[in-house]
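The same chain A turns up in both complexes below, where it pairs with chain B and then with chain C.
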Partner chain A sequence: MSDYDHHHDGEHDRPLSGPALRVKALESLLIEKGLVDPKALDELIDTYETKIGPRNGARVVARAWTDPAYKQRLLADATAAIAEFGFIGRQGEDMVVLENTPEIRNMVVCTLCSCYPWPVLGLPPVWYKAAPYRARAVIDPRGVLNELGNEVPEDVEVRVWDSTAELRYLVLPERPAGTEDWSEAQLAEIVTRDAMIGVANVTLPARSPK
Partner chain B sequence: MTTSIPREVDLGALPALPRDKEGPVFNAPWEAQAFAMTLSLHARGVFTWREWADALAAELAAAAARGEPDDGTHYYEHWLAALEHLVGAKKLIPSEELERRADEWDAAARATPHGKPVELPRGP
Partner chain C sequence: MNGAHDLGGMHGLGPVVIEKDEPVFHAQWEARMLALNLACGFHGRWNIDMGRYAREQMPPAEYLATTYYEHWLFGLEKLLVEQGLVSAKELDTGRAEAKAHGLRALAATEVSNFLRNRRHARLDDNVPPKFKAGERVVARNIHPTGHTRLPRYARGRRGVIDRDHGVFVFADTNAMSRDKKPQHCYSVRFSAREIWGPDACARDSVYVDLWDDHLDPA
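Our next item is the complex of A and B:
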């Protein structure tokens, strides 16, 4: 599989360090003992996705689509360009933005755990954390994309990027045709979380925003 | 998404919960996970909200007594410590078991080559 380039510098030194490790230990024991229902936990957590959710990332994407100078800054130094919005991670990890083009599709995974750019995307969805996605995204990215309803033409290159604790990725999807006269705010509304992970395209809603 | 915080949970009873007018705010996923576990255990009747608020207040007071800055940045670490103590006090999970499990996850994560999902070895 030549699609997969292992693009990362750092390693997950302590992928489950500190409180994240203790939460994992507590959660797994409570689930085993039947004291918490993982589905109920996911639902509660989902509630907060809207809170620190993917809207932040959508605003970044919409600005990059409408402001060429911003896009240039974003691709050159994503951490700084994203910080212009005040979206700053507490862990100080570096952000890299990957631009989709007609020839190249980018897709983000964290094979080891679930590193995720939460300052811009909020909490990771359940499938992102699940072993099948983590394991299969690197082995068979096209198959995974197909299953997610996103067939990629054979002549388009798929690049898979493996997040680490130090380096997190955000995909800059292609701006859909037919949105040339849309405002930045209108565009931000159609940018989805999945598009910024790289497993979906941005599409026009059935009804255009007012 | 229709799930909301159960009505009987009085978040206002908690000391200095980091929140805005739309609800609690989190700085990392594990904070939201610790928060969700607490609400979930309370909903099962494992502890009362008063017990929880007292346990959390005790952790925050202990941190203040140690001279730690009270700027909210460590709030959920204290939250997690309170939760660990409470599940121990309720004899749900002994602290030794919790320590052992954390070590197991740590070892599994370190032993897992990059590119493979972290899984715990199958138990007997």
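Our next item is the complex of A and C:
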């Protein structure tokens, strides 16, 4: 163990209730040492706040719903098909797309940490990273889905995918009925992050887009 | 290691609560924490598996009582000291004793390329697979004190190879000794009843990504 492990007692103790202070102190130290550049930190944050998020994944899903050849490519080689949009890189190096059907519901979790397909969904929401979902998704997926208002009929198979390696999973939800004449762009508007994780269905909004 | 991070199947942790219109970060320090972790990773002193292992070593009671970015903070501080980028004294006092030697910080103009570069967990090594899709396997009953991606709930359970993903870095050894130990990684399908017993739904299953070294023929 390093010396640092023994620094939890005494006057230098920095309680866990103050992570903001600790992170601030760490950033100052790393800047002083020349290990990080604060402008790069700003750029990293801006990327995940404004450029990479679930709208990316929604575009992939909408294209798969409207272009059968694209859907075929997506299911055969998700990494390449997603890269057609330019969505590549960190935490999406090897993608797998799981298709929901009337008979099969897929649901993605990472029980050991919080693996999540960043290039298509952005950073994971708190509930995905928190203990209750990671604990329960594998042992009681139907219970979790019920609580979230998505009861799965008895005759539908539930497949839970635990992201324990470097494969990253994206659920291709079922296209809702009544959207047959919708454009790809309109469809992308209704695809949600939770549907692409597999804990929700895509539903029509109360008022359809014009 | 049999740590608090290995949560699959645990009871009593409460309901899953989805926050409506959740922001990407709930506080400024969370955003800085994410960015610090990525920017420090740029120096290449550790790999992603070492990063996960560092976070897993947070004491279990603390792990369960803290949030995601607090786990990251714990892991980053540990790695910075262990890998010699920062001394324990510097971390403690918050004051630099010396500039980092021969290291250049990630620049803002490099961020986009840095995030788009693949990290090559998939390898080109020509390693034959031990199993084929459709073959029956049993997950090893192992309890290493170091890092493993074989979750407790799957150990000793019988499953079927669903698909072979190809050759990947083996996380368990890469975390401990930087030994990539190239081998095939598979999605293995376990029936819910095989893992959780007769009360589980007979139709349902759990797919776990496991490597050759986690599996034996069944």
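Brief remarks on what is shown
By definition in this document, the second predicted complex is superposed on the first by the 155 of 210 C-alpha atoms of A that agree within 3 Å, B and C clash if a C-alpha of one lies under 4 Å from a C-alpha of the other, contacts with A are read in each partner's own complex, and residues count from 1 in each chain.
The working rule: a contact is a pair of C-beta atoms (placed from the backbone, for glycine too) under 8 Å apart; a residue touches a chain by one contact, two chains touch by 3 or more.
For clarity, every value in this text was computed on a predicted model and none was experimentally measured.
In the overlay built on the shared chain, the residue A:Glu27 is in contact with chain B and with chain C.
When the two complexes are overlaid, the chain among chain B and chain C that reaches more residues of chain A is C.
When the two complexes are overlaid on their common chain A, residue A:Val158 makes contact with chain C while staying clear of chain B.
Once chain A of one complex is fitted onto chain A of the other, the partner contacts of A:Gly57 are absent, as it touches neither chain B nor chain C.
After overlaying the two complexes on the shared chain, residue contacts for A:Pro117 are found with neither chain B nor chain C. Of the two partner chains placed by the overlay, neither chain B nor chain C lies in contact with A:Gly198. Touching of chain A by both chain B and chain C, each in its own complex, is seen for residues 12, 16, 19-20, 22-30, 33, 35-37, 40-41, 43-45, 47-49, 90, 111-114, 123, 131, 134-135, 138, 162.
Chain B meets chain A in the complex at residues 1, 3-5, 22-30, 32-37, 39-41, 43-44, 46, 73, 76-77, 80, 83-84, 87, 92-93, 97-98, 101-102, 104-106, 109-110, 112, 114-120. Within the complex, the chain A residues that touch chain B are 6, 8, 11-12, 14-16, 19-30, 33, 35-37, 40-41, 43-52, 90-91, 111-114, 116, 118, 123-124, 131, 134-135, 138, 162. Residue ranges on chain C touching chain A, taken from their complex, read 5-11, 13-19, 22, 24-29, 31-36, 38-40, 43, 48, 52, 55, 62, 64-70, 73, 76-78, 80-82, 85-86, 88-92, 94-96, 98-100, 103-108, 110-112, 115-122, 149-151, 153, 165, 168-169, 171, 185, 187, 192, 195-196, 200-201, 203-211.
Every residue of chain A that touches chain C in the complex is listed here, in rising order: 2-5, 7, 12, 16, 19-20, 22-30, 32-37, 39-45, 47-49, 53, 88-90, 93-94, 96, 111-114, 122-123, 125-127, 129-139, 141-142, 144, 147-148, 154-167, 194, 199.
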